[in-house]
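The structures considered in this document are given below.
Consider the two complexes below, in which chain A is the common component and chain B and chain C are the respective partners.
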Partner chain A sequence: MTELLSIVFAPGFFTSEPVRTAAVIGAAAAIVSGVVGVFTVIRGQSFAGHSLADVSSAGGAAAFLLGINPLLGFLGMSVLAATSMELVRVDRASERDLVTGIVTGAGLGLAALLFYLDVTTSSTTGATVTVMFGSMFAIPASIVPLALIVGIGALAAVGMLYRPLLLCSLDPDLAAVQGVPVRLIGLLHLIVVALAVALAAITVGAVLSTGLLIGPAAIALHLARRPGLAVLTAAAIGVAATWGGILIAYDSYEWTGGHGWPVSFCIVALIFVAYVVIAQARPTRVRPVLGTARTGVASAG
Partner chain B sequence: MKQLPVITALMILFAAGPLGIVAAEAAGPVKAIGVENEYADVISQIGGKFVKVEAIVSDPNTDPHSFEASPKIAKQFAAADLIVKNGVGYDEWADKIIAAAARPKRKVIDVQQLLGLPDSTPNPHLWYDPKTMPAVAKAVGDALAEVDPAHAADFHANADKFIASLEPWNAAIAAFKAKHNKTPIAATEPVANYLLEAMGFDILTPFSLQKAIMDGNDPAPQDVTTQNNLFTGGKVKAFAYNQQVTSALTKSFLDLAKKNGIPVVGVYETMPTPGYTYQSWMLAEVAALDKAVTEKVSTETLQKGH
Partner chain C sequence: MLARGEILAVRQASVSLSGRSILKDIDFALEMGEFCGLIGSNGSGKTTLLRTILGFVAPSSGSVSFDGGSKSASVGYVPQKFSLDPYMPIRARDLVALGLDGNRLGLPLPSRGRWQKVDEMLEAVEATPFADQRIGSLSGGQQQRVLIAHALVRRPRLLLLDEPLANLDMRSVAGIVALLRRLSREFQITVLLSAHDMNPLLSVMDRVVYLAHGRAASGTTDAVVRTDVLSQLYGYHIDVVRVHGRVLVVAAEAEGDALAAIERDPVHVAQIP
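Right, the complex of A and B next:
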């Protein structure tokens, strides 16, 4: 039994400080992303979520330039992008995609400039890889408190918004009739997405944070019928994929001759495989329940 | 056929134009580029007043591994008679610029090729190797003598003088090795490894970690733990800290080293400026390492005014 355990968990896994920091921050990011991701998927805002992640990379690059906590950079930029995307009043879904795309392009362009300034004015080795694809085992432990505060804040916000947000997401017309401030809820939701994306960006990187936001939520919506259960399932799947990815990356040291595979790849690969398997095995579970809501969202834009 | 003489005349005129420019240029001082400023320093010591030398990579606050070339640099390269570059992928961008701006009589010294090193050489920081600069100095002297034969004797004499001036450094290395062979040391990145090895240091940091830091890749957590234990367990006598390849990870090592009383020695990708020549820089590094091992005193930076 112990032999089997030592094969699964390579020596030193449980005592390694980089692993511990990665596991804590990764779990916080996965829980928040999973919970927020369920609403994002129901609302059909996956692209907006990805866009916030891309734009947040400019914040990560700026943090290197200013020498501040990178999480603050990601947060600032993604919240700014979320607010500006939601404040541009658009009525058609196609136009919303257009605005999202244009903001994404501008944000990534800004990131390119800031990365250039990073390498030409200061010693910021690996800034681009760290911001875009994450370096979980190099996260300084000093980021943990801020990450936990952001995570708890995001979950508290979702808790307070839960009922109106769910109603707006499933049937915005009914929500409006009942006097729910649909636009305000939409803005608050996107800001919470921005918090989730910033947390995910610090772990798996800005570009890959979509994987953590959308993947576990999509899998959960295949498995669970009730939204409340889907939220819990998504969080659990996210944490499982993150910890599984950390373990695979840690163990990969043994079979790659001491190089090791990037954690971000391992996490996103696990999520992808899980989605393909679940979508094949249970293709129709969730559609009847959310089917009406989806068309409702589409018509309301 | 009547037009033939006219065409010939035109052709001669066109051909003569560029020749005239070349002739005019050759009259000025020889223009040389040391891609990294340590090579530029060697060229200027050998070329003296007959050579105008420019260094491309010299900012002590940036990481040369992620250098971004600009159009201005392409122009400098196009005008140069002699270019000295490191090679081993360290300044690959320079190969492209050199190839794009062809110049028939230009000399290019690639230090990697000069030393006969394969492309797979794991540590590109050749200038810290005591064997490197004597070979570079000789090659620079020969190249300058070919470009400007009128001053060949000066260039050869200066090259010999430069090689002789490395003697105190070599003596300091040998003296340290005789007294402190196999002293355990940690590093962030392989920049000074050739010097550390010549001094007899035992570098305990896993090379895979040094390479991950150099390339800005994900470090393996096992390696991070190994490195942390070197500091917390007091297993090393000094910590060679690359001041130009820094990240959150290298800073966490720096904090840990200080917390555990491990003396820190700043090492560099490019020659710290102002106030150093290649020789005085290398001597200062050996002196700082010696001070760390014998007196437990840190020399975090060699930059003057810090």
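Right, the complex of A and C next:
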């Protein structure tokens, strides 16, 4: 028994300071991402979520350049992008995609410049990999307090907005009839997404934070029947994948001869496998889609 | 602006969207408890008129007056397009609960009173058997019932429905019409419902507001759905034919504007037996 445990949990796992920091920040990021992600997926704003993740990498690069807390960099850039995306008034869904795409392009361009400056000033490419793909065992413990404050703030905001946000996500007109300020709720939602993405960027990296935002939420939507349960399920799946990923990455030092695999890879791989398994086990009914398509052909002919 | 007994008055209202005139000098009023059909072909401005009454669109001239305290509490609305993927974790009862307090901040605390109101409303629209199913997995008629429950759970005095009968099979249409008639009496609400085909509503309408080319004629069905009134409204000769208890609105000459109108509006053609 002890032998089996020592195989699953390689020596030093529970006493390692970096592992503990990674587990705490990782869980905070996973909970916030899972909770917020459910609304993002219901609203069909996965692309916007991914865009904020991409743009936040410019903030991470800037923080490295300035030598400040990277979380501040991610936060500043993702919140700025979220605000600018929501403040552009659009009438059609396709325009929303367009604005999102343009903001993403501009943000990634800025990231390219800042990463270049990082390399030329410090003559290392480490920053790029850390910002984009995360480096969980290298997170300084000094980030923890700020990360927890951001996480609690984001969760409190979702708790406050829960009902109006859900109603807006289902149908903006129904919300407006009840006097809900639909545009304000949309802006606040995207700012909370920005907070979630910044937290996740610290852990799994800016680019992979989408995986933590969308994956657990998408799995939870397949499993839960009611909205509150979906939110809790997504958070639980996110935490399980994060801790599982940390464990696999830690153990991987044993079988890779001391190099180890990136934690972020292990986390998103677990989420991906879980999604494929769940989606296979509970195939979404495609009949309505096929029916619509057939009617379309018939009326066209 | 409202006369005694009136709950809604639209006075000389004109609406333009992006510079295009959609509604011109619309003038009608609804009395308390009336069941009114807003009839017109696709593109005649039905949705815009409903959105103007809801306050989503401001009239460029004229006015909309509503009696019933604050608008948010007293108007129920069933939108035309409501679609949710089958895997969205929203049960029928969740949507009805959001009709009750979806504008409130904070998490919904477990409350017996809240769910009791929701259960009563689900019962009233005969949605209890599928109350715990995901909305996206329900049939069109079932979804309409849930949306009506969502709109009525706050007990508004006016209920607006945008094409609630579109895309339903004939049995569901009859079911929804009968339900609305019963609810309007039970809860003493005024109903304004848009439709492109007036036939399913003939037996229940107290009043019809007929829209054509952005103009409206209002009154009882017998007073409005007549050859002379509709010809004047359309601006060319229209025949109103009554066959087997159904009303057919047929353009006499299929050329020019009239042809265009018929092509825009397949319903009028499709009704010819």
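By our rule, the second predicted complex is superposed on the first by the 279 of 301 C-alpha atoms of A that agree within 3 Å, B and C clash if a C-alpha of one lies under 4 Å from a C-alpha of the other, contacts with A are read in each partner's own complex, and residues count from 1 in each chain.
The working rule: contacts are C-beta pairs under 8 Å (C-beta built on N, C-alpha and C of every residue); 3 or more make two chains touch, one makes a residue touch a chain.
Since the structure is predicted, the reported quantities are computational estimates derived from the model, not experimental observations.
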item	value
Superposed partners chain B and chain C on chain A - clash or fit	fit
First (chain B), second (chain C), both or neither touched by A:Ser94	neither
Contacts of A:Leu229 with chain B and chain C, given as first, second, both or neither	second
Chain B versus chain C as contact partner of A:Gln280, first or second or both or neither	neither
First, second, both or neither for A:Thr2, with chain B first and chain C second	neither
Which of chain B and chain C A:Gly12 touches, first, second, both or neither	first
Superposition-derived minimum Cα distance between chain C and chain B (Å)	38
Overlap of chain C and chain B interfaces on chain A (superposed complexes)	none
Residues of chain A defined as touching chain B within the complex	10, 12, 15-19, 22, 70, 116, 119-130, 135-141, 249-250, 253, 258-260, 262-264
Of chain B, residues touching chain A in the complex	61-63, 65-68, 206, 208, 212-225, 228, 243-252
In the complex, chain A residues that touch chain C	42, 159-164, 166-167, 170-171, 173-180, 220-222, 224-227, 229-230, 284-285, 288
Chain C residues within the chain A interface of the complex	54, 56, 70-72, 75-77, 79, 82, 84-91, 94-95, 98-99, 101-108, 132, 134, 137, 150
